[in-house]
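Order of writing sets the chain letters: A, B, C and D. Residues in each chain are counted from 1.
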Amino acid sequence: MAGFNKVVSSYEEAMAGLTDNMTVISGGFGLCGIPENLISEIKRKGTKGLTLVSNNCGVDDFGLGVLLPDRQIKKIVASYVGENAEFERQMMSGELDVELTPQGTLAEKMRAGGAGIPAFYTATGVGTPVAIGKDERQFNGRDYILEEAITGDFAIVKAWKADKYGNLVFRRTARNFNPMAATAGKITVVEVEEIVEPGELNPDEIHTPGIYVNRLIQGTFEKRIEQRTTRPTNNK
Amino acid sequence: MALSRDQIAQRVARELQDGFYVNLGIGIPTLVANFVPGGIEVMLQSENGLLGMGQFPTEAEIDADLINAGKQTVTMAIGASIFDSAESFAMIRGGHVDLTVLGAFEVDVNGNIASYMIPGKLIKGMGGAMDLVAGADNIIVTMTHASKHGDSKLLSNCSLPLTGKGCIKKVLTDLAFIEIKEGKFHLLERAPGVSVDEIVKLTEGELVVPTNVPEMQF
Amino acid sequence: MALSRDQIAQRVARELQDGFYVNLGIGIPTLVANFVPGGIEVMLQSENGLLGMGQFPTEAEIDADLINAGKQTVTMAIGASIFDSAESFAMIRGGHVDLTVLGAFEVDVNGNIASYMIPGKLIKGMGGAMDLVAGADNIIVTMTHASKHGDSKLLSNCSLPLTGKGCIKKVLTDLAFIEIKEGKFHLLERAPGVSVDEIVKLTEGELVVPTNVPEMQF
Amino acid sequence: MAGFNKVVSSYEEAMAGLTDNMTVISGGFGLCGIPENLISEIKRKGTKGLTLVSNNCGVDDFGLGVLLPDRQIKKIVASYVGENAEFERQMMSGELDVELTPQGTLAEKMRAGGAGIPAFYTATGVGTPVAIGKDERQFNGRDYILEEAITGDFAIVKAWKADKYGNLVFRRTARNFNPMAATAGKITVVEVEEIVEPGELNPDEIHTPGIYVNRLIQGTFEKRIEQRTTRPTNNK
């Protein structure tokens, strides 16, 4: 009897069933709150032809960027891809298909995917290249475009704490896209810094209910910082 | 003389009002936070999921889990709140942010803005800019009035792919503060020592010039 | 003999699987929680914003802030989580709930269900029922097979306003367990001591009867 | 300098500006988590012709039901109205216009209203009376109807705790519709059990950021229970 225990014991088990040409939705913003070790496992497996849905695509040697050298990514849906030389090279050469999607639209598309909303209207992107090929319609005299939901075969998520039932708590801005990603995967895999017993988290403070989580693993994280900006200690 | 980056930020900061929730874009807009007028409080929204962005951390305070939309390490101000990206853009798209300040490559007389892509040259993505310009009612664009080669960035029609259509009403350049309405630019203020003629010369789109154009004071 | 309310609940409970998240409607469906088979765990979702609904509170435990969708005071089970109504129905509409059990006035051979309104008589509203039937893939409807006057509730076409269209595949009545597919009812099991003839007589919609119809065991 | 201090000192001030024929969105499910005193203030003011958006309409002498005797409500948008005799009478007689809306659709319409999404597609209600007059469209072979967002002139909300900046924390299932209602009011008024200083709430645990809140007041609450169901103390 497994009940609601979602804990798996290896990254191999965590990503079991991921095969070529699948769609993977990833949480994270820049390098903050990314599922580092789940990404490494995808690299190790060598899965190819992936469609990745993520706000960013990491940097050359960290985050989703590590999947670029072996050409594991066929297509990426992202809002900002500016910090990655290999990425730019593959995109310019046409080896990589990039679907630029406004950040808020991307977040809402993931949420819609998890929430059984097949499509929604938004003013974001009206009159821009993003609107090309999309239905346009007026509400209260303003133009909106129709954006469709995104779901993934897998969603990979980084949370701070979880109980064994997969109830998740995120920390600071490492939350970002992770809660929406968690809802939008057919199989949602979550790695966390700490796993506690069910009942230890206050039910009012759970950010993602365990119903969205299929597999859970505790990992250790590098948490690389992209731009280390500081002020002098004595400055108020 | 053309405004410095700090002066642009300083002039924008005068548009802040007490109790404003403000989203500041990367670059010059970020500097606006340094010039909040005395006696008023504003709260900064960072679209990666933070309302109440504080100053940069000390070395000891650095937290990899706490960054702003520019991916810089930051701190939280008193009374800050954290939320996910869908909630953050619900806030932005829903018009709850009082003022948005962001940069651009071009704006035109119809309030169009191009800021995210130079075909064949620069393709980094729009990030949250399209959501910000579509969601906000009150936007100030900051940019240089013209390119280094003297090409105007205030146009009859934007030449680059648009970030947003018909959504910009105020532009602060290094030379002038300009309002966009009824398909025209309207000159509101000029930078200290910059002549109306100079502004007219560097403004490609139709510019309405009132009899008196006050000079900004710093 | 026709199944009692408890027996209906008991038979439904055999469809539960270990690790199922389940939404139980008001009335008989609620009783299902009393018959969860040994050795399996299920978690109950209450659409007002609770996953992991526990038993009723003791007098001392009563909390006005903690109710279920039937507005009864409840407790939370170990590992429960609380969320708002939009999140609750995101969960339901998005198909994340493994099994939904709810009552009905009528179902028909096309999987239509009527459960919320009797024009001119009963207008209480659909509550979450329309969302539940539209969102769930796995639904069991529980109801009496016929009215007190002997009018069948398993019809060719629902006569009352629909709660959902083409979404019901399984019905457990006091007389039979029935599957709906390809525009017909299919008799799977009969209540102990209830004859196939009796079921046929009280089923207005087309009913496919296999050679052998096992009797439910309690 | 008021800054972000949203605290007002009287219910009169809290509901100032509410006038006849406005639309008011209310949080609450049944009698749980309802803005009791804000409702009483509307009764006291005698505002008429209101359109109310709320999952339920209270009972005869508590909750939104208290606005019925003086015919203050012209129309109600709700999912379930079954516990109220005067309500039923006014509905049957045609004095009250009732727009029955599925519970999940209602929650999503409020969220959409706050989030700048003018409309979204849902399968809820397809083929039912709810679909009448609404656009229908297929996505991936399934039928969906188009539902439009709801916004209110006022939103009235009950939270558990708040800081003075209007950051809100809800408690247990009293959360329900309150967070969505809070986002969808032109003026959002919140009453809470306790107001604390800014900085006292953990930013990761705030359910509704203060940006949505215009006015905040501390009240005392009856918290009436609709169905007092218990088990014997000795039962495990």
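We take it that a residue touches a chain if its C-beta (ideal position, glycine included) is under 8 Å from a C-beta of that chain, and two chains touch if they have at least 3 such contacts.
What you are looking at is a predicted structure, and each value in this text was computed from that prediction instead of being measured.
A.B. asks: Just how many steps, at minimum, does a route from chain A to chain D need if it may pass only between touching chains?
C.D. replies: 1
A.B. asks: Please give the intersection of the contact partners of chain A with those of chain C.
C.D. replies: Chains in contact with chain A as well as chain C: D.
A.B. asks: Go through B-D and A-B and name the pair with more C-beta contacts between its chains.
C.D. replies: A-B
A.B. asks: Would you identify the chain whose Cα-based centre sits farthest away from the centre of chain C?
C.D. replies: Centre of mass proxy via C-alpha means gives B as farthest from chain C.
A.B. asks: What is the distance, in whole Å, between the centres of chain B and chain C, each centre taken as the mean of its C-alpha atoms?
C.D. replies: Measuring from centre to centre gives 55 Å for this pair.
A.B. asks: How many angstrom lie between the CA centroids of chain B and chain D, rounded to a whole number?
C.D. replies: One centre to the other, that is 36 Å.
A.B. asks: Between chain C and chain D, what is the gap in Å from one C-alpha centre to the other?
C.D. replies: Distance between chain centres: 28 Å.
A.B. asks: By residue number and range, which residues of chain B touch two or more other chains?
C.D. replies: Those would be 76, 82-83, 89-90, 92-93, 135.
A.B. asks: Note the residues in chain A that touch 2 or more other chains, in rising order.
C.D. replies: 108, 111, 115-117, 122-123, 170-172, 175, 203-204
A.B. asks: Spell out all pairs of chains that touch, sorted by label.
C.D. replies: Result for touching pairs of chains: A-B, A-C, A-D, B-D, C-D.
A.B. asks: Residues of chain A touching chain C in their complex?
C.D. replies: Touching chain C: residues 1-4, 111, 113-117, 163-165, 167, 183, 198-199, 203-204, 206, 209-212 of chain A.
A.B. asks: Can you tell me which positions in chain C touch chain D when the two form their complex?
C.D. replies: Touching chain D: residues 46-50, 55-60, 62-68, 70-74, 76, 82-86, 88-90, 92-93, 112, 117, 123-131, 134-135, 161-166 of chain C.
A.B. asks: Chain A touches which residues of chain C in the complex?
C.D. replies: Listed in rising order, the residues are 18-19, 21, 39-41, 43, 45, 51-52, 76, 78-83, 87, 89-97, 135.
A.B. asks: What does chain D use to touch chain A in their complex?
C.D. replies: 108, 112, 115-123, 139-140, 142, 144, 148, 169-172, 175, 203-205
A.B. asks: Give every residue of chain A touching chain B within the complex, in rising order.
C.D. replies: Result: residues 29-33, 55, 78-82, 88, 91, 98, 100, 102-108, 110-111, 122-130, 160, 170-180, 207, 223-233, 235 of chain A touch chain B.
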